[in-house]
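What follows is a group of structures, each given as structure tokens.
Two complexes, one shared chain (chain A), two partners (chain B, chain C).
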Partner chain A sequence: MKFLTSNFLKCSVQACDRSNDNFPLKFNGEKCQLEQDESLEFNPEFLLRVIDRVDWAAVLSVAADLGNTGLPAGKPEFSNEELSEEDKVILADLHTLLIQTNIVEGEMSCKNCGHVYYIKNSIPNLLLPPHLA
Partner chain B sequence: MTKRYLLFMVQVHLNFRLAELESLADMFGLTTIDFSQYDEESPFFVVELENDQQAREWISRSILTRAIYEYWGQGSNYEQLHLDVQENPLYLQLKQEYRESSFKFEFDSFGGSSAGKLDRVACIESFKYLDFQGPIRMKNPEQIFTVIEEYEPLSDNQAGETPLRLFFGREVQRSDRFRGALEKYDLKKRPYKGTTSFEAELSLVSANIAQVKPGTFMYDPFAGTGSFLTAGGHYNAMVIGSDIDGRMIRGKGSQTIRANFKKYQDSLQFLDVLTMDFTHNALRKNLIIDTILCDPPYGIRESIKVLGAKDPERFIGKENVEINGQKAYLLRDYIPTKKPYSLDSLLDDLLHFAVERLPIGGRLAFWMPVANDENIETVIPMHADLELKYNCVQEFNKWSRRLLVYIQRGADYNGPTNMGSERSKERFRDRYFSGFN
Partner chain C sequence: MLPTPHVRCDYDKVYEPSEDTFLMLDALEKDQEFLRRFLGDKMNLVSEIGCGSGMVTTFMMHNRIPNKNAIYLPTDINPWAMESMVDTASLNKCDQNVLSPIRMNMAKSLRSGQIDLLVFNPPYVPAESVPTIPTEELSVTGEGKEDAAWLDLALLGGDDGMVVTWKLLHSLDEFLAPNGIAYVLFCARNKPQEVVKAMQLQNWSCELVEYRKAGWEVLSIYKFHR
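Up next, the complex of A and B:
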């Protein structure tokens, strides 16, 4: 699963919707195996649309879980007109992080209920046992 | 100031054709098309548009048309066609505009063909009054002028011999179909597919009627082998899918949904597929989903299941079971139990989910199976916040399926509503397996 997808996933347990801790999920950095998919080409226009939808606090949280603490505290802003060289460098870094970083194997858990979800073969499994469904 | 354009369509999936044209026109804000002139029986439709740009936008994505032309004239024979072209109010202007362009002539037909009887060179010569001065180029000309002959077929499988009507125009845009989309997405050539894969043509049409837009977010909650994700990716949406059956979305070896996207060179558009029960959804609630497009399980090739125990008593206390000191349900290889669910409940959930997640104006499109032989009216699921925009039927022998397309109108809409339990007397699955008798 792409790093980006971590920005869309909350806990599946419906009772956790009443809590503010069900998003983002907490990634177990030691258990996560990452891979870079370099075949995904950098497309600034596409990435700007992606960044529009991203919750930055959640990007910081998951990045820190995975050992990356070098991101700016605030969501980068880009002018609607011409992108500067500096903007392009920032975007290229975000492309590497959000789009190219793939979590192949790993574990993530809900900060509210503690339920553990696994990522296997790059596919997260968000199913629940009957007592949580 | 508008001018006339000629749309040349295909005579297939007529229940879907107008919906596709209207949806694409709406998507690009085209307001000058008079759809009351649209004739389902005819492959031709003359419309008014402001400029070529509008014509290109409108038809570039279309699957159920062939191409759009700047309209120069028509006639029941060549003599009348030439007169009509020269009587076109824009005749002198058009003639001047393309005087110096490189060009070629093409011939197209419907319902029959001149099959060698037409002397094409002589036919092209007969247009010499147009006085084009530009070079003729068979490869990459600036302009293509097209003669379209319409025949009346002698019977269903016998082509007509004498043209009924002739059109002449300048090609402005070939449709997605005419540029090869159906061959590209043909299931026969797709690396990963399954018994529930949806055919290329109608999945692309569905994405058009659902108005999947470039750069927007599309979700398929019943992704299966990813047929609709593929269609959404083709139209440059960011696509994400989920399925309760992890085996389906995982694929096998090199046969995966990801491999399909790679083949189609749409890899960037494909975000992920998740093993997830749609009714226990993990997509965060404030994530805007612009379009939901899917083919829910009918209960035929795939059973309809959601998370939970079919027999809850059997599972009392199971959450306490431990294996090697670890809760069994927290182990990596734990497989949760699932219970049967009805199609009606699932569709109710889908409408409800769409209302929660779609922005105003966003579309929900899904396929629903219907048994044909029942004398009871098919009741379409309705939600007070959703406008049912299209209900397009594809007929099979004893059953049919419908593409239902809804538009999110918000809480003030107060449309008609119904609940699943009121809708169906018998389950589609039972009707199917009893041979609809």
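Up next, the complex of A and C:
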């Protein structure tokens, strides 16, 4: 799964919808194996729209789980006019993190109920066992 | 006419693209311009529920439906569908698209209110009941029964073939973004006109997009939005 995907995944347990801790899921950094897909081309226009859309607190949380604590505390803002060189560097870094970073193997869990979900072969499995479904 | 994607997958385990699949492609092609206008230029989250072979999501990626700023998070409960989705996308050279398939039940593990374009070709065949998800046990000792069980799950929709579709329709508010839209396929035995009436009573805007007689089946695709 892509790093970006984590911005849209919540715990599957219905009862956890009533808590504020079902999103984002907590990644087990020690168990996660990451890969960079460098073939994905950098597209600043696309990235701007992705950043506009993401929940930044969740980006920070998952990045920290995976050992990256170098992100700015607030969501970066960009002027609508021409992007500066500095802006482009920030965008390119976020492209690497959000789009190119793939979590190939690993584990993530719900901060409310603790249920563990596994990622295998880049596919996260959010299905619940029958007794929880 | 837009080209139909090539598909590579094991049809013993994953639903083979058929008339219903092709009708969905036609509906999305027909509505290409509408979707571009309706969803706008922002980043759009596209989720096909029950992506199976991956043909429909691949078709959307390949033809930039709804726009060039979309990300694709298809779901399925069948693990083999996840594999086919990835294979079909790569066979059709969709490697520059942001694609991240997730194994889940419908869209239940996606944060609510996030899907801009939802596409659902459900298990719509009327049956006594909706099959249960094959267990890990069956996959070890089932001697091939597991494969058939995955196919049943892709086909059988319980009463009127509507049990799974109703689950989705009842959750549409939760799944869709505030300005999101859903494309859902029906067969005549699903009584789509009655479904549409019930949805309209809940203030959904419903519109027929495509309609086709396919052998003994009459298939239709409706779009739903607020």
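In this text, the second predicted complex is superposed on the first by the 133 of 133 C-alpha atoms of A that agree within 3 Å, B and C clash if a C-alpha of one lies under 4 Å from a C-alpha of the other, contacts with A are read in each partner's own complex, and residues count from 1 in each chain.
One rule holds in what follows: contacts are C-beta pairs under 8 Å (C-beta built on N, C-alpha and C of every residue); 3 or more make two chains touch, one makes a residue touch a chain.
Because the structure is a prediction, the values reported are computed rather than measured.
By the touch criterion stated above, A:Gln33 is placed in contact with neither chain B nor chain C.
In the superposition on chain A, A:His131 makes contact with chain B only, while chain C stays out of contact range. When the shared chain is aligned, no partner comes close enough to touch A:Ser84: not chain B, not chain C. More residues of chain A are in touch with B than with the other of chain B and chain C.
When the two structures are aligned on the shared chain, A:Arg49 is found in touch with chain B and with chain C. When both complexes are aligned on chain A by C-alpha atoms, chain A residues 1-2, 4-5, 8-12, 14, 17, 23, 39-41, 45-46, 49-50, 53, 99, 122-128, 130, 133 touch chain B in the first and chain C in the second. Chain B makes touch with chain A in their complex at residues 215-217, 238, 240, 242, 244, 246, 249-250, 262, 267-268, 271-277, 280-285, 287-288, 306-309, 312, 315, 318-319, 329-330, 332, 334, 336-337.
Remark: chain A residues 1-2, 4-5, 8-14, 17, 23, 39-41, 43, 45-46, 49-50, 53, 55, 99, 115-116, 118, 120-133 touch chain B in the complex.
By the touch rule above, chain A contacts chain C in their complex via residues 1-2, 4-5, 7-12, 14, 17, 23, 39-41, 45-46, 49-50, 52-53, 99, 122-128, 130, 133. By the touch criterion given at the top, residues 41-43, 45, 68-69, 71, 73, 77, 79, 82, 86, 95-96, 98, 100-105, 108-112, 114, 132-133, 135 of chain C touch chain A in their complex.
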